[in-house]
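Presented below is the structure to which this report refers.
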Amino acid sequence: MIRAGIVGGTGYTGVELLRLLINHPNVEIAAITSRTEVGTAVSELFPNLRGHLELHFTEPEPTHLADECDVVFFATPHGVAMDMVPALLARDTRVIDLSADFRLSDPVVWERWYGRPHAAPNLLAEAVYGLPEINREAIRQARLVACPGCYPTAVQLGFLPLLEQQLVDPGRLIADAKSGVSGAGRKASLGTLLCEASENFKAYGVSGHRHLPEIIQGLHQVSQTPVGLTFVPHLIPMIRGIHATLYAQLQQETDLQAVYEQRYATAPFVDVLPPGSQPETRSVRGSNMCRLAVHRPSAGNTVIVLSVTDNLVKGASGQAVQNMNLMFGQEETCGLTSIAVIP
Amino acid sequence: MIRAGIVGGTGYTGVELLRLLINHPNVEIAAITSRTEVGTAVSELFPNLRGHLELHFTEPEPTHLADECDVVFFATPHGVAMDMVPALLARDTRVIDLSADFRLSDPVVWERWYGRPHAAPNLLAEAVYGLPEINREAIRQARLVACPGCYPTAVQLGFLPLLEQQLVDPGRLIADAKSGVSGAGRKASLGTLLCEASENFKAYGVSGHRHLPEIIQGLHQVSQTPVGLTFVPHLIPMIRGIHATLYAQLQQETDLQAVYEQRYATAPFVDVLPPGSQPETRSVRGSNMCRLAVHRPSAGNTVIVLSVTDNLVKGASGQAVQNMNLMFGQEETCGLTSIAVIP
Amino acid sequence: MIRAGIVGGTGYTGVELLRLLINHPNVEIAAITSRTEVGTAVSELFPNLRGHLELHFTEPEPTHLADECDVVFFATPHGVAMDMVPALLARDTRVIDLSADFRLSDPVVWERWYGRPHAAPNLLAEAVYGLPEINREAIRQARLVACPGCYPTAVQLGFLPLLEQQLVDPGRLIADAKSGVSGAGRKASLGTLLCEASENFKAYGVSGHRHLPEIIQGLHQVSQTPVGLTFVPHLIPMIRGIHATLYAQLQQETDLQAVYEQRYATAPFVDVLPPGSQPETRSVRGSNMCRLAVHRPSAGNTVIVLSVTDNLVKGASGQAVQNMNLMFGQEETCGLTSIAVIP
Amino acid sequence: MIRAGIVGGTGYTGVELLRLLINHPNVEIAAITSRTEVGTAVSELFPNLRGHLELHFTEPEPTHLADECDVVFFATPHGVAMDMVPALLARDTRVIDLSADFRLSDPVVWERWYGRPHAAPNLLAEAVYGLPEINREAIRQARLVACPGCYPTAVQLGFLPLLEQQLVDPGRLIADAKSGVSGAGRKASLGTLLCEASENFKAYGVSGHRHLPEIIQGLHQVSQTPVGLTFVPHLIPMIRGIHATLYAQLQQETDLQAVYEQRYATAPFVDVLPPGSQPETRSVRGSNMCRLAVHRPSAGNTVIVLSVTDNLVKGASGQAVQNMNLMFGQEETCGLTSIAVIP
């Protein structure tokens, strides 16, 4: 059994990790921490877990976590993991960080977007970017995995086949992305109240969103040439789901459908839909799947890729478990086969 | 022109008051206050008001308000109005309080439910309970009107005809009430996040809700005998609307439909629906109407009354304007004729 | 492996059965029928099933079904099962009917509420009412199980402990019940459009709902005395979930919490919450659990029971699988342990 | 008083026209037709209108309509107006068509997109495209106005200033548009059920949507050069509102904010927001306003315009009333000043 710990278990990615790990046949949840809820039964905060988990929240203490856990997940706000990770690695406990702390390889870029110096810059080179569809082998060997953000997962999986094969102009990419409200996390705030966010739709972060440098870094790595990306996120009046509508300009003829199907033939969690499809976010709600469709209207030069994920699963906790499976020699899909709940 | 001021203009009842008063032909909005938003343009906070209102938020200062206003509305949390009202009345400015400060006539009961001593107990006797369907004449003369709560409005309008005529057992009343989330106000809190409150339904306050003593006080006044009421509020995953499902035990035969139609024949904002109707909350969304239907399944002893209102209009700001119209010799419906927006 | 067939697989209870049976370790889905979708791949209609199920819809033909299946589930509108069940039973295929055809033991009552004569009245005596919390042993032996309706499940589980022990007046029961829109099924209709049913709340069926005689039959069976029930269903603007708020009049003193905990101590899918709890529908979304809380405000005579289920799981397809487990000697919880998805 | 008739009054644009015209001081609603609801009181179908309108639905009969009405609105599915309009115009009744019948000036293009020959091609040249922000003067003189579609309104108002002044490359425009479900109309269909469309987001019509040729025709008219537009509509899980996110490539330097503010300085229903704004659809819900914001991230070459409208108001019925005001010498804003309902 893999002994797993979760730091920051009171947020949405935390409770989603619990749901997935409880059903994982080879994982034992050894510890779950929360500074604010020490001593509270987890099932008191999340009644869906009553009868499934007997754990109580504890203080996040690296030494204890290292003793009790083979792997620690950080489901914390940005800036927490980078303080605790060195102590865990030093004690041979592996780390899967769902926050942004180790996603950007350049500490200068990190500081610009996150507004403070990075606390563990020397670990940035070692951290493996946890998108298995690119880094599967590196993840298997990693001590420290930085799980991609929710938008970056949906956008990169959509653009990858086009950029890897230089099929489109990398300088003129557009990602019009839409996310359910759970992407904002479980914290009291005016903007995500039901009365503010339901029956409403809006863009945000148009002048610059923290996921932009992460996406550009990832796309640049596969395209080998500078990437120009316009990224506009929007808030959908619903709980879960990301829909990325991607636009690119073709620069050579090809069979796009075949390119996508071949690229993801061995990826268990990327489903390339038949030609003409328009994926729905609910088709992946609660599941680790990313569903893609590629379009070329009127056989013109504009390629449109539609990419849907559940921001809390493939966009966060599910991908974290997928990474764990790879790191610990498990079947990649282990514990991740549940079906999206429809309706 | 009636010069109106609003204290506490940043909440949902505040912005709803603005929407109604801007459209009122005989009102000029003279001042709107907010401690936290002093200097901010109102239309910056509420973009729906762009082009309709040029005002900025100011400090709530009773002397200035009294100078500038004929009437001041309090759209504040409980406990604010009772501190400021005496100064306003002393300067001959009339007050319409949308909070709970002057709803309960007994300061001991008030203290028990609101957890602190009442600051102006000597005004409780003077305050008129602002339910025009009971107190129309008293409201016309009032200096200080206490607007009913949202649940109390829907529940009392539903039960009144039955209790006034002693048609049902007053000791065995049940009000199963449901409210949209806007009833909780515009403040950051976990429980009213879209991710917590949408796709979800639950009861709350089963062991005792502050609207219970208010409803009992009101029903007792008309029934003349002690009232026994079981009141269970629930949270509906939507923004606006209250639906009260009321149960009572008949104790004499009567034509219930006729009783209701006669009782409300001259009430411009109570609409008794035809027999067999089942009113929808959306039929009153954004409007000051209360729609009622009375049922007696299988001609048995149980009377069921269905009562719907918009909690922010007839349950708060619309009723406040209705009271203002009465206090200032306006047509009762003035500024309140807008139609519910469907769909 | 249990070979299972589904008649009427294009509705919401059908797709939910698929989701549950695909994950059941000891079930093989042998056939799924739909008159209107013969030849269509199931995963084309329900893209959440892509990669999980290769089946196509076939014609509903009893002889073939009997050959291929050990058990056939009917997820059909009322009136379909009663025509096909005799042929299946004659060929030793067992039947679990999710429709209303075999729920009422009296064919006269059935005809009154469903508007046509019953096609297989001689089977009504044999059919076992599939509420395991009452009929567990009978279900184990049954050839034909009639799964309870969604409201009847939530309401009966809530009232049972009170009526079995004669703790309340059986003549004065009130069930104020609320359901998500999926209870209306997957069929095009004006009333359940998003634009009609969202941001809206209303009662329906106040003068008489088909679940009323079913609930009364079930409660009468345990109370041994005539039952008087007022039942008002309402439509909640959300997809899944039932919340029943039940009112009864105590007629003897008792420790209500203990009564409930003892009654359901061995029921794996009924969770009695701690005193003071107010269960949320989302805590059971996608799961087979019913969560209950019992209240007695101000230690008065009115008992309030709050009961939540997922109408498509414990209220339909999950309960059907629970029945199948009992009928085929499986662990009662087999395939039914998935956790509610929150948020 | 302007005597107005509505053909096809049972849909969402019909009921919205009623809401607006009832509040219009100089309009009398003379007739409202529906083949399927002849004799039904309008307020029975739309309970929000109880007390506001006494009309019943009648047969759509051109001679009667011409006698009773100065203007007839068509709130019908495509293909109805073109059959009836000639008879109305022949009797000097003016027509405002909310359907697509007279939007495209080329009958060949119309036939290609709507799948049948146009029934009144000789009127296409006379019909004035009812976007007042372009055609204000022509509308004043028009006998027949073709109201723009909902997407075309939001998209054209967003692109117009850029194209009129040749600021961007007209061959590389992208409109990523999102609409609430009411855009699909009030008709029973699976795809717009609450259980299908809520908690879900998807693109549709990616390979070609009927609004595409309409938008291209309109943009071409102002740009004077061929327009290349990629248009992807999406369905938002809410009732009302359109959000268009527009992308274009700058081809000359300019002060974009000033361009927009000047272009719409005299347009009463286009509100250019301050720099950096991100308009919300709810800020125009129920109102005839279009709110725009223009962005140029990182001072690059990509211009982003955000444009929001209420698809049933500025995108349909409100714009129709705006056109009527112009045609009948009314103040352009008459009857259209109601404020968006927030929350």
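The chains carry the letters A, B, C and D, assigned in the order they are written, with residues numbered from 1 in each.
Here is the rule we go by: a contact is a pair of C-beta atoms (placed from the backbone, for glycine too) under 8 Å apart; a residue touches a chain by one contact, two chains touch by 3 or more.
The model shown is predicted, which means the values in this text are computed figures rather than measured ones.
Common partners of chain C and chain D, by the touch rule above, are A, B.
A comparison of the A-B and A-C interfaces places the larger number of contacting C-beta pairs at A-C. Think of chain A turning onto chain D: fitted on CA atoms, that turn is 180 degrees, to the nearest 5.
Set against the C-alpha centre of chain A, every other chain centre is closer than that of B.
Centre to centre, using the average C-alpha position, chain A and chain D are separated by 39 Å. Chain A and chain C have centres, each the mean of its CA atoms, that are 37 Å apart.
Each chain gets a centre from the mean of its Cα atoms; for chain A and chain B, those two points are 45 Å apart. Those residues of chain A in touch with two or more other chains are numbered 12, 182, 186, 195-196, 198-199, 237-240, 279-280, 282, 285, 343. Note for the complex: chain A touches chain D at residues 174, 176, 178, 180, 195-196, 198-204, 206-208, 228, 230, 232, 234, 236-241, 243, 245, 247, 276, 278-282, 285, 295, 297-298, 300, 302, 304, 306, 308, 343.
Chain A contributes residues 12, 15, 19, 22-23, 46-52, 182, 186, 199, 239-240, 271, 273, 279-280, 282-287, 289, 291, 312, 337-343 to its touches with chain C in the complex.
Looking at the complex, you find that chain C touches chain D at residues 12, 181-182, 186-190, 192-199, 237-239.
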